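Each in structure tokens, the structures are laid out below.
The following pair of complexes shares a single chain, chain A, combined with chain B in the former and chain C in the latter.
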Partner chain A sequence: MNLSRTAMATVVAFIAALGVGILLLLAVGAPPFETLGLLVEGSLGSASKISITLLAWSPLVLAAAGLVVTFAAGLWNIGVEGQIIMGAIAATWVARTIEGPGWVVIPLTIVAGVVGGVVWALLVGVLKTRGHVHEIFGGLGLDFVAAGLATYLVIGPWSRTGVASTSGTDIFPEEAWMPTIDALGVEWPVIPVLLGITSVVLVWLLLKGTLFGLRLKAVGNNAYSSYLMGIPTDRYILGAFAIGGGLAGIAGTVQVTAFHHKLVPAVSGGYGFLAILVVLLAGFSAVAIAPIALFFVAISVGSTQIDLRLGLDSAFGGVLQGIIVLFVLFAGGWAAKHPNSSLTPQEEP
Partner chain B sequence: MEATLNSIVAAAAPLIIAALGETITEKSGIINLSLEGSLRLSAMTAFVIAFWVGHALVGFAAAALVGAAIAAIIAYSSISLKLNQIAVGFVLTLLAVDLASFLGDSFVGERGPRVPALPIPFLSDIPFVGKVLFDHNLVVYASFVAIGATWWFFYHTRPGLIIQGIGERPEAAFARGINVNKLRFWYTVLGGAMVGIAGASYSLDVKLGWRETLTLNLGWIALALVIFGGWHPLRVALGAYLFGALQVLAFQLQDVFPGVSQILPVAPFPLMILALVVVHSAWFKRLGTRYPKLRNILGSEAPAALGTVFERE
Partner chain C sequence: MALEIRDIYKHFGPVRANDGISFTVQEGSLHGILGENGAGKSTLMKILSGFYGADSGAVILNGEVLELGSPADAIDAGIGMLHQDPLVFLPLTVLDNFALGSPGPIPLDRSEILEELNRVSSGLGFEFDPSRLAGSLTIGERQQLAITRLMWLGAKVLIFDEPTTGISATQRLQLFATLRKLAENGLIVLFVSHKLEEVEDLCDSVTIIRQGRVVFEAEMPVPPETLVEKMFGKVFVEQGHDAVPLGDALLRLSGTVLTEGTTHIKDLNMDVAAGEVIGLAGLEGSGQRALLRACSGLLEPKAGVLSIDGKDMSKASYRDHLAAGVHYLPAGRLEEGLVHGISITEHFVLTSEDKSFFIDWKAAEKEAESEIGDYSIKGDPGSHAEGLSGGNQQRLLLAMIPDAVKLLLLEHPTRGLDVESAAYVWTRLLDRRLEGTSIVFASADLDELLRYSDRIVVFFGGEVFAVRNASDIDGEELGYLIGGKQRV
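Up next, the complex of A and B:
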């Protein structure tokens, strides 16, 4: 396969996706170039906006790194949303219960996030390996259960003193907030960003340089052959779920201790499903998810501006992300189908 | 009691049409995972078009086209581009959901036309049964026809035999001179059109009007119903009626226990997981062996070639 031709098709797909986005904006009577400009300005236009974008990048890339592992094992971890939420719930429990200095509480919220995410992911894994329930449906069902649990906690046992509203729990004590670094008059989310970078590096090393990673990919390629070759496939599947769930759980911790500073019903921010799009666009590569997640999160953060400034529905960001991924998938399929197209000079037949 | 059963039959109707559409698609060997998005976008389109034109039937036609178009994208990208059906379906789910929110934004809260009630003369006068089954509108009668027609089609017609062939053993069907991929494409489009009609039923009949949460999670429920139903139309319909009963019950309980109203929408999902565990259990599979005549309806195996790409050698 010719790599430059695939790259060329991808570029064409991006331009086409942008074109469809502009057509849609024209269809609803919005100024297309002002809208697209606002997407950039709203996410990267100032130091404070860049820090918001980086803070949102962290949970997205954490969830995506976990998904690279589950995809390597051939699993559709649609339960990632629920794993983020359970991580957030567990971290909230620690933040509300344990009193102490930040250097005690903050690591504990991260550990709790991991535990919450791992438990929820293993549940999907056991349903698959023992109950023969496909991970898409096990995961999806548990997503909704986790979302229901978060809503119940916010309006019930953990409701704000005096008022039960869906706006969230009480704000955490400041010892449980992930610390930031002041520079250029803006607070920078250093720890979330470091967590994100670390997760990408670790997942890359795991899949490139360990026996576990190699066997995991074997299970993903052909579970039955791997089983015949003596690999305990069920254990590898559960292992992949545990890693994916753990990283998603840390994403949940970041959402509550670095962004909201409280538990809210929609705490996952939809980053779990968005992370699936990121990984699909990245072609399942651990290294590529970092820049692609940044690109996608910039669209998401910027699209809140088009709502505020132009009165457009912020769902436009999601539309643009979806079209881009769809067209790039098409381009990949097209490039594989036409190995000798006229886009590049013909090779020897 | 009559009124409750009547509302269960009505509540299940769109779900039955959507789930049977997906059953047809999957029987042919293709998974259309996009149901959550297809339902949402077709519900929005149906409302907007019917609102403009002033006629519900035009809305239904537009919605069927939307559902068919999304299905055609999945079928084309699987058959011709050899892309993963789950991946394309998942991307289309999120895309269609956001597209519905974006394009439908300015229509939230508008009032549009609706499907008129149409009690069937004489039949609706039968005590009990008439009220439960024959005092509805065209959508509900269409769900009855869909159940009977898909069942008859799968198990009593030659094309029905062929669709099972291309979903189970496409190589064998191909060797018998059947154009596997062409049939798969059109059955996927047909299934998608049915999903679109179901979407229109939500915005023009069951819940009237358009808002983002109109069909929330019902697409995923319809997908799960196909598995729960073991790809058998009658069992799929039974699942839809059970779910409809749950919905109606939850709605009625809301007045008795106001506190649980936030939790009830979640209740079907643990039940869905439990139901899937049961139908995949060894105990349930033994039932099929014990009652061979019922094997068709008790089976829980997916079509053997589901989700795979067929290429002629």
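Up next, the complex of A and C:
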């Protein structure tokens, strides 16, 4: 009963959000249905477009899976952007420094990404548990530091031979590229997708089936009661940050070794913040993030088409994502606050 | 001018906090409102000060029915409330605190307000340095500041809610002098307290509230035994358990000093034997909670000895106490015990001895079902903690107490349970004595204290006021002791 009410509210919110999106398009004089059609075509219209969408889906899902863990512990890990960037920087260091065959270098870039993300996330965690700095402020501050560090490396020590430009470092040697599989004339990003799927499954298992996950949830819902039960709350908070940061770090690795093949200043692609929206929309459920992340990247990837074909700024994709999240959250909150009002005529007396 | 309270009803769910309260207070009188914890005094005062709306009934001042929709309405109508923690903004100066209540236009004219502050405070006999930060004032001075502000705003009725908590003896005398002066000037002063002596010293008349109703009204003086009897009702109790042979001292306190918030306990000396049941009596905030928190490792003693099972635990952490076999069950069920959004089964998994990484949900659910039956919890294994009624939350908490516990610390263990469940819970608790478990519990229920304790420790104003064998005293005497009086 309650579940179906929430589901109903979500559907209504979704339709309302689309309606507002259409009104917005009409207001700027764009053909609404053609635009929405282009979003779909631009992201799923051909094999090569699907492969691009999947390549974008992987880091988003990895970051979102990590956020499911930190949210379960009641933490607002706004620092996820910085954790992605630090993962990317660490992976770049491996790709630039370590020479060897792909089967050596690629796993090392992943490990390095994990280390970079974990270190950055634990900094936020230690600031919180030892210094009582709220994780939103700690995370936000470290986001700026990571972004600054990436820019500095790109135009400074790691700049392309002879030129210092923000367009990125030298392209990595091919041994450091995440391998793809050729099919239907398209290169498929199999490893990133597998990493994404694995992260979702593991996070789901962790939260559903393990004592660690249950304790994390207890700490997130009531840290003081958990402490009284004898749970070392600080250790669990740090654990949640480590897992969230590790997965974000892998997302950073994917960004540099599978997508850009170099380090660029905006290496995170905004996936950290987008992942927060995905998790909010998914209602903090690990399973739901996979399809919702797909939907979100489809909008992002597809919106480059509306730029090319209609001359409409691709930022429209982000606007649409934002509207959807706000409407769905509002509907969820409204449904929770008005448990007795009906959205649809009631069937039972 | 008179303040009339007419037929006030206020229910919170099934709890009838105010169940038809009516009384009248005349101009210029200092009127005491007495009642034990949970009698409904605070609810009534919150209605008078506009904090709650009453379900029905009226507040009439000077023949006029007041519309009290908010604290601002109450102040406009001339009713001012002085809270136990004076409403003072600590980071602001005295002058700014005073000006905060200003009904005047923006911008404030500070020099004019300064004159007002001096005028009103000198009329009351208070002295302030207007530029001092309120945080540097004592509790007594903060009270004076709050009184000054309310008087400036034109209060005709002043409500004092337990105003002597946390202030020094000198400040108490000064406060009482102020109260008398305010009454002489024609104000109506309501003095809410559960300290018999203060009401005897100060008040011209008194109203006693019990279980949401007025049970007694009189002009003072009234013999103290009448006040006690009216406050607590008649309590006849027989000891409800057989004594078990007591072991060696399990918990030992000697010269222990505890400080928490406004509670200061000096020089605590007490031994609790293995298998003994100690009841902590006293009005809320008299020191019982601080003692329980100290014994559980949540509050570090400032000085003195706190040893458990022969080991000094005064510097040990909460988790060390857990490991030493101490279990503490605080009063706030959903705040400091259960976790919302988590099922009954999950609660048992969290507190289980089994620490394996993967959870066997089938076995866990079976275990939960058997505990639910055992403690007759009304709920399913999947019910979330916040969905249970208060009594069932308490049963769940009791069911979560581990098997092997040496020292059990309980705060209001059966509050909200019906008589039968309470008796059942106590049977289970007392059984633990056979394994040498000691129980220390705080309760506001005299019946419970007398029935289940071996010894009763009475706290009053942060001191151990009396220690009695439960079999040696009756409810009347316990009532006296809780009110801070020895029976002559």
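Criterion: the second predicted complex is superposed on the first by the 339 of 349 C-alpha atoms of A that agree within 3 Å, B and C clash if a C-alpha of one lies under 4 Å from a C-alpha of the other, contacts with A are read in each partner's own complex, and residues count from 1 in each chain.
Keep this in mind: contacts are C-beta pairs under 8 Å (C-beta built on N, C-alpha and C of every residue); 3 or more make two chains touch, one makes a residue touch a chain.
Just so you know, these numbers come straight off a predicted model, no measurement behind them.
S.K.: In the superposed model built on chain A, check whether chain B and chain C fit or clash.
M.R.: clash
S.K.: Contact-wise, after the overlay, does A:V28 reach chain B, chain C, both or neither (first, second, both, neither)?
M.R.: Only chain B; A:V28 stays clear of chain C.
S.K.: So, does A:G209 touch the first partner chain B, the second partner chain C, both, or neither?
M.R.: So A:G209 only meets chain C here.
S.K.: Of the two partner chains, chain B (first) and chain C (second), which one does A:L263 touch, if any: first, second, both, or neither?
M.R.: After superposition on chain A, A:L263 lies in contact with neither partner.
S.K.: Can A:G318 be said to touch chain B (first), chain C (second), both, or neither?
M.R.: In the superposed model, A:G318 contacts chain B only, not chain C.
S.K.: Please indicate which partner A:A9 is in contact with in the superposed arrangement: first for chain B, second for chain C, both, or neither.
M.R.: neither
S.K.: What is the contact status of A:A336 with respect to chain B (first) and chain C (second): first, second, both, or neither?
M.R.: first
S.K.: With both structures fitted on chain A, tell me whether chain B or chain C touches more of chain A's residues.
M.R.: B
S.K.: Where does A:A112 make contact in the superposed view: on chain B (first), on chain C (second), on both, or on neither?
M.R.: Neither partner.
S.K.: In the superposed arrangement, which partner chain does A:G148 touch: chain B (first), chain C (second), both, or neither?
M.R.: First partner only, chain B.
S.K.: Pick out the stretch of chain B that clashes with chain C after the overlay, from 62-70, 170-178 or 242-250.
M.R.: Clashes with chain C appear only in stretch 170-178.
S.K.: Once the two structures are fitted together, what part of chain A is touched by chain B and by chain C alike?
M.R.: Shared contact residues on chain A (touching chain B in one complex, chain C in the other): none at all.
S.K.: Sort out for me which residues of chain A touch chain B in the complex.
M.R.: Result: residues 24, 27-28, 76, 78, 127, 131-134, 136-138, 140-142, 144-145, 147-148, 151-152, 155, 273-274, 276-277, 280, 312-313, 315-319, 321-323, 325-326, 329-330, 332-334, 336-337 of chain A touch chain B.
S.K.: Give the list of chain A residues in touch with chain C in this complex.
M.R.: Per the stated touch rule, the residues are 209-212, 214-215, 217-218, 221-222, 224-232.
S.K.: Given the complex with chain A, which residues does chain C contribute to the contact?
M.R.: 318-319, 322, 328, 330, 334-342, 346, 349-351, 355-359, 361
S.K.: Can you check the complex and tell me which residues of chain B touch chain A?
M.R.: Chain B residues touching chain A: 33, 77, 80-83, 86-88, 90-92, 94-95, 97-99, 101-103, 105-106, 217, 220, 223-224, 227, 262-263, 265-266, 269-270, 272-273, 276-277, 280-281.
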